[in-house]
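What follows is chain A paired twice: with chain B in the first complex and chain C in the second.
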Partner chain A sequence: MEIVFEYVMRGVMEVFFTADGAFDWLPLAMVFGGLMTGIAIGATPGLNGPFAMALSLPILIWVFGVNDEALLPILGFLIGIMKGATVGGAVPAVLFNTPGTPDAYLTTLDGHPMTKNGQGPKALKVAHFSSVCGDTVSDMVLFVAAPVLAVLIESILDLPEKGALIILSLSFMAAVAGSSPMKGFIVGVLGMLLALVGSTLSGNGPRMTFGIVELGNGLPLTAAILGVLIIGEVFIGLEEEVRKKVRKFRSAVATPLGDNTFAWPERRKLLPRIGVSALIGTAIGALPGIGTTLAATLGYDVARRFSKTPEKFGTGIPEGVAATEAANSAVSGANLIPVMSLGIPGNFAAVFIILAVESVGEFTLGPHVFRFTEIKVIEDYGTIINNDLVIAFAMFTLMMLANIMNWTIGGAFLRSLGILVKVPKSLMLPVVLLITLTAVYAQDGGFIGVWVLLIFGLIGYVLKRLDISILPFVIGFLLSPRLEEYIRGGYSASGGDGLFLLKSPLAVVFIAASILILVLANRRRKIPEEA
Partner chain B sequence: MRLGGKERREALNPWDIGFGAALLVFALWALFFWFPADIPTGFFFINSVGREEPGDAFFPIILASLLVGLSVIQMILSWRNRRSNADVDQTGSITLSNVKFLAIFLTVVGVGLGLMYWLGPVTVAVLNAAGFLDGTYRNFSDTAPYKYLGYVAGGAVMTLALIIWAEGRVRPVAVMTVVAVLVVAILLFDVALRNVLLPPNADF
Partner chain C sequence: MKRLTSLACAAVIALTASPAFADWAPKGPINFWIGFGAGGGTDTQARALAEELEALKGWRIIPENKAGSGGRVMAAQLKDAPKDGQTIGLAINSTFDFPAGKNINIDDFTFLTMTAGSQMAILARADSGWKNLDDMVAAAKSGTNIVWANWGDQVQAGAELVARHYGINVNHLRGKGGKSAVNALVAQDANVGWGGGVQRPLVAAGELVILAAAEPSRLVQAPDTPTLIERGVMETGLGFQFLLVGPKDMDPEAAKAITEAVHTVLKNKDSKTAKFVTKQYPPGPLFTSGDALLKQLRANLVANQEMIQLVK
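And then the complex of A and B:
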């Protein structure tokens, strides 16, 4: 226990003090900046947290560089965005009945009627309080579950099992994240294949580049991910705007009437409801790929079922807003459990945390992080310590800092953002396109990044139109180099045994589970259609 | 188009089976044409100590082979599910109207990027020919106003055209927004960050 405490303390100190012992205000400032940016972005229809994280990452890398010292300020900003955007999403849902994301639709059910009843400010206070409660509960679970899971995994998994685990994660994400599990898995494999362009493990020259010299170092990672996630959305959003040709903009917010205070007795009354929703969101968030919509739906449904007055749900009651917001916000912290313990991202925000970690410094995420190596100071040599573990606890500290800032000043900032909701998508999306093009060009130092961005944007558009989830594609693209390392390493270590994956009972279980998940998910999809 | 009665039961979803077929063709092309021509080391190679190791084609071939198998399964599933998923609307599709949108969208973006790439160099070449400047665009790619010409013109044309297309009218607020975004981008990427270049200057 003593060694755990020692690592936790070193992690906390890493955030607040520089190497020479001086107080370091930068990580705090970055968390604050990220949180405010995230709340503003979340409150703007058409924008979301992963978008802001995607655009911020290249800018942060230019400003801070890619050395070890840059990692915490960069992660601080990204974590701030991730948390802020989760809270900010309630603003358009509550004030204007315009959910920016599918899960925010549930917030409109009671949030907007409250606004129409003149209780808009109170609805935002309830949304903020529940959201931050849910997020904090979820973070607590992350801090305990990620190390325990990682230690367990590191002690039992070797190369074949780790490879099989990636395949299992991909099939799970394909099964839960889209309407067609088989197509989701196929695009996951396609993403893996495309990620192999350029880079090689052997160092024997580039591969699969069609002779394009600029692809020698591989497809620009950020451009490819931004293309699928952001530009694909810009294509879709702009097409919808062109069809609608919206000329009228939204009406003004109903004037607040009567008592809009949200006092502690009322907050305490909501706490059981918030607690249940937070646990639902945390449990769902810990599974990769499921996302916030199911959490919000379940949170709302459970609250209504167990309410003494279920008929009041949907008429504008704080319980409805609290149940939804606590559940969808609790997803974000727990979503980092697979990232921290396995190095496998479960959602888009986690993708950008991984991108930042892989681009900056020498820290890598995965089960190896949580090795509690004994700390030894050796004279004339230095300290033997698992620095990755210190950084992991520093990350947890940043998350707690973001929560504290969110508790104290996030609410007031949130309530001042109603104006952002009025920015129409028709204006926002072309601007997003221009900013993304510019950022990608500047990061990759040439038009190659722009072409990759547009081509992957087109892939994102086609997948969306064909109703295929893009999450397996992105995860496959991101994890492919690591899977290749495991597969090639496992093959070599087995002495050239072509069936090396099947020689490990655990790997066989993972592979069998992958197949079973896909088969069951496919059958489940068929049944309602045939009924 | 929705089908009814017996017709509906017999119908096959072209997008479901087409997806599998397209991926199958891609995977076969990759296995038999792309990889052999574009991966220097093969499925295996002999390392410096004479031991056989997986080559750089090892993992791509495994993935492409998996893709072949999965595409065939997808096509079989589409065939078996033809009774249940006959209605194209249920699974998503790409319509002619989507293709038209993409064509116009990509044309606008293409024109914008073309302006971004060529306006600066062409302006410098013209001024050069007229005797006002001496040197190629490379010599002026870090000199105002030449370094901003392509970015401002291309960015403004692309963004404004898309906004006007989406809104069906020209609004002063749109023009002001685009100007403000361009100014902020220049201040951030050119003035504040000294080690990065705006488009198209890194290409010259």
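And then the complex of A and C:
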């Protein structure tokens, strides 16, 4: 226990102090900046957290570099955006009946009627309070669950089982992330195939590079992921701009303000409702691939079903806003559980956290992080310590900092965003394109990076137009190298036994489960079509 | 070897006196390619070196990681890079002198200088209870499945040599980069592993033990543990050296100027690079350069031809 405390303390110190013991304001400032950016982005219809994370990551790397010292400021900003955007999403939903994201739709159900009744500011207070509560609960679960899960995994799972677990999570993601499990599965496999380009562990040199030596170490990661997520979106935007599909936003209803106090007794009364929703959100968030929308829907539904006055839902009551906002915000922390403990990202925010960690410094995510190595100071050699674990606790500290700032200043900032900002696409698209192209050219292998960015942009565009979820594609692309490492390693460590994956009972269970999930998901989706 | 080093040093000092190359200055930034991923020994060393060369010479140096296939992904690109001295790379000798890479030929490069050498060791977890190679061999003979973590053909062949010498069977586990083998050991994915230098803190902490040394001489951290050469397993060591390399026919003035600048940094005991190298790759910096370096690499190539048959 003492050693856990020691590591936690070192993680906290890592955030606040530089190596030579001076107070370090930078990570604090970065969390603050990220949080404010996130709230503003979340409050802007058409923009969302992952989008902002994707755009700021290359800029952050350009500013801070890729040394170990750059990691915490960069992560601080990204975590700030992630948390801010979750909270900010309530603003347009409540004030303008314009949900910026699908999960915010449920916030409009009670939030906008409250605005019409002159209780707009109160609705925002409720949204903020429940959102931050949900987020904090979820973080607490993350702080405990991730290390415990990681330690369990490391002690129980061997190479074949780890490989089988990745297969299981990929098939789960394919089954839940999009509209069709089979389509999700196919694009997931496509992502995995594209990740095969480059060097192998076989020692026979690079494969599938078509003689392009720059691809020897694989398709550039940042270019590929920004391409499919950002450039695909830009292509869609350009097309819509050409077709002049300009959507008109309803303007805010100017209603005389009523009683907008949201005092402690009322907050306390809402707490049980928030607690239930937060737990629902956390449980859903911990499963990879399931988004915030389901959490919000479930949170709202459960709240209404167990309410003594279900008929009041939808007429503008704080309970409705609290139930949705607590649930969708609780997803964000728990979503990091599979990332921190397994290195498997469950949503786009997690993808960008992984991308940051892979690009910057020595730290990598995965079960090995939570090894409580005994800390020893050895003469002439320095300190023996599991530095990854210190960084992990520093990351948790950054998240708590973001929560504290969110509690204190976030609410006021949120309520100040009374105007609906709509960035015209004709302005936004070129800027986004320029930033992405420059960033990729500078950091990810020059023109090769640019080409990969554009080609993956095209892939993203086609997937969007075919209404196929991009998440399985991205996750497949990200996890494929690790899967290969486990499978190849498991095979050779077994002494070249072709059936090594089926010799471990746990691996067999994982693989059977992944097939079952796909079959069941396919069958479930088919029934409504036939009916 | 020692004589070669001092000869090379003398040559460098002699060259320092001639004014011709002192005038060489890059016409733009120098691209400094690193043959391995971020965070490893090559990377840390290269970035420190880049920083201190910039401070020393006022050149602008841009380090960039080009990891993969034991430095060969970087080397394949370096081969066709401009020869004006503004593109150089840091990798290890086996990137060039171990003949497994189909598209890497020793004649396609200009070898500038060594910077440091490995502390190659056979490692096991301390909780295995093994104290030396004999304990591991005994365990293997009594049925323990040996999974041996490595990062490339050369060291895998070395593991195979050990296995054949003692008549045991080992399964190989391949990872990317020197750190992966140590990670595999600690994560219990393997029970034996190679370490080139990254094992230092873990050995010092008592997490890992050195079963045998694979250098020509015993290791700094295990002065009482015999080498594989002493044991009669092999005639040469498996150790590697870090090499600073340019493309073939690189501007000779640039090559001299860069080599001299690197040596200046390495000789300064207070420099970040020298401190890192001395700590991680004791006894400290190596200075073999130019023709002496090329001669040694050619000799390695011949010796390695025989060993490669073992991985096939």
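Some points to look at:
Everything below uses one rule, namely that the second predicted complex is superposed on the first by the 468 of 531 C-alpha atoms of A that agree within 3 Å, B and C clash if a C-alpha of one lies under 4 Å from a C-alpha of the other, contacts with A are read in each partner's own complex, and residues count from 1 in each chain.
Throughout what follows, a contact is a pair of C-beta atoms (placed from the backbone, for glycine too) under 8 Å apart; a residue touches a chain by one contact, two chains touch by 3 or more.
Note that the structure is a prediction, hence the values are computed from the model and not measured.
Of the two partner chains placed by superposition, only chain C is touched by A:Gly198; chain B is not.
In the superposed pair of complexes, A:Arg488 makes contact with chain B and with chain C alike.
Shared-chain residue A:Lys376: touches chain C; no touch with chain B.
Look at A:Leu159: by the touch rule set out above, it reaches chain C but stays clear of chain B.
Between chain B and chain C, B touches the greater number of residues of chain A. In the overlay built on the shared chain, the residue A:Val66 is in contact with chain C alone; chain B does not reach it. When both complexes are overlaid on chain A, the residue A:Gly446 reaches chain B alone and has no touch with chain C. Contact with chain B, but none with chain C, is seen for A:Ser179 once the two complexes are overlaid on the shared chain. Contacts of A:Phe210 after superposition on the shared chain: chain B is touched, whereas chain C is not.
Of the two partner chains, chain C is the only one touched by A:Glu362; chain B is not.
Judged by the document's definition of touching, chain A residues 200-202, 204-205, 488, 492, 496 lie at the interface with chain B and also at the interface with chain C. Partner chain A is touched in their complex by these residues of chain B: 15, 19-20, 23, 30, 34-35, 38-41, 45, 52-60, 62-64, 66-67, 70-71, 73-74, 77, 81, 83-85, 90-94, 98, 101-102, 105-106, 109, 113, 117, 151, 155, 158-160, 162-163, 165-169, 173-174, 177-178, 181-182, 185, 188-189, 193, 195-200, 202-203.
By the touch criterion given at the top, residues 66-68, 154, 158-159, 198-206, 213-214, 216-218, 361-362, 367-368, 371, 373-374, 376, 378, 381-382, 384, 485, 488-489, 492-496 of chain A touch chain C in their complex. For chain C in complex with chain A, the touching residues are 38-39, 47, 66-70, 72-74, 76-77, 80, 100-103, 145, 147, 152-153, 156, 169, 171-176, 183-184, 186-190, 200-202, 204-207, 279, 311. Listing the residues of chain A that touch chain B in their complex gives 59, 62-63, 179-180, 182-183, 185-186, 189-190, 192-193, 196, 200-202, 204-205, 207-211, 235, 238-239, 241-242, 245-247, 424-427, 429-431, 433-435, 437-439, 441-443, 445-447, 450, 454, 458, 461-462, 465-468, 483-484, 487-488, 491-492, 496, 522, 526, 529-530.
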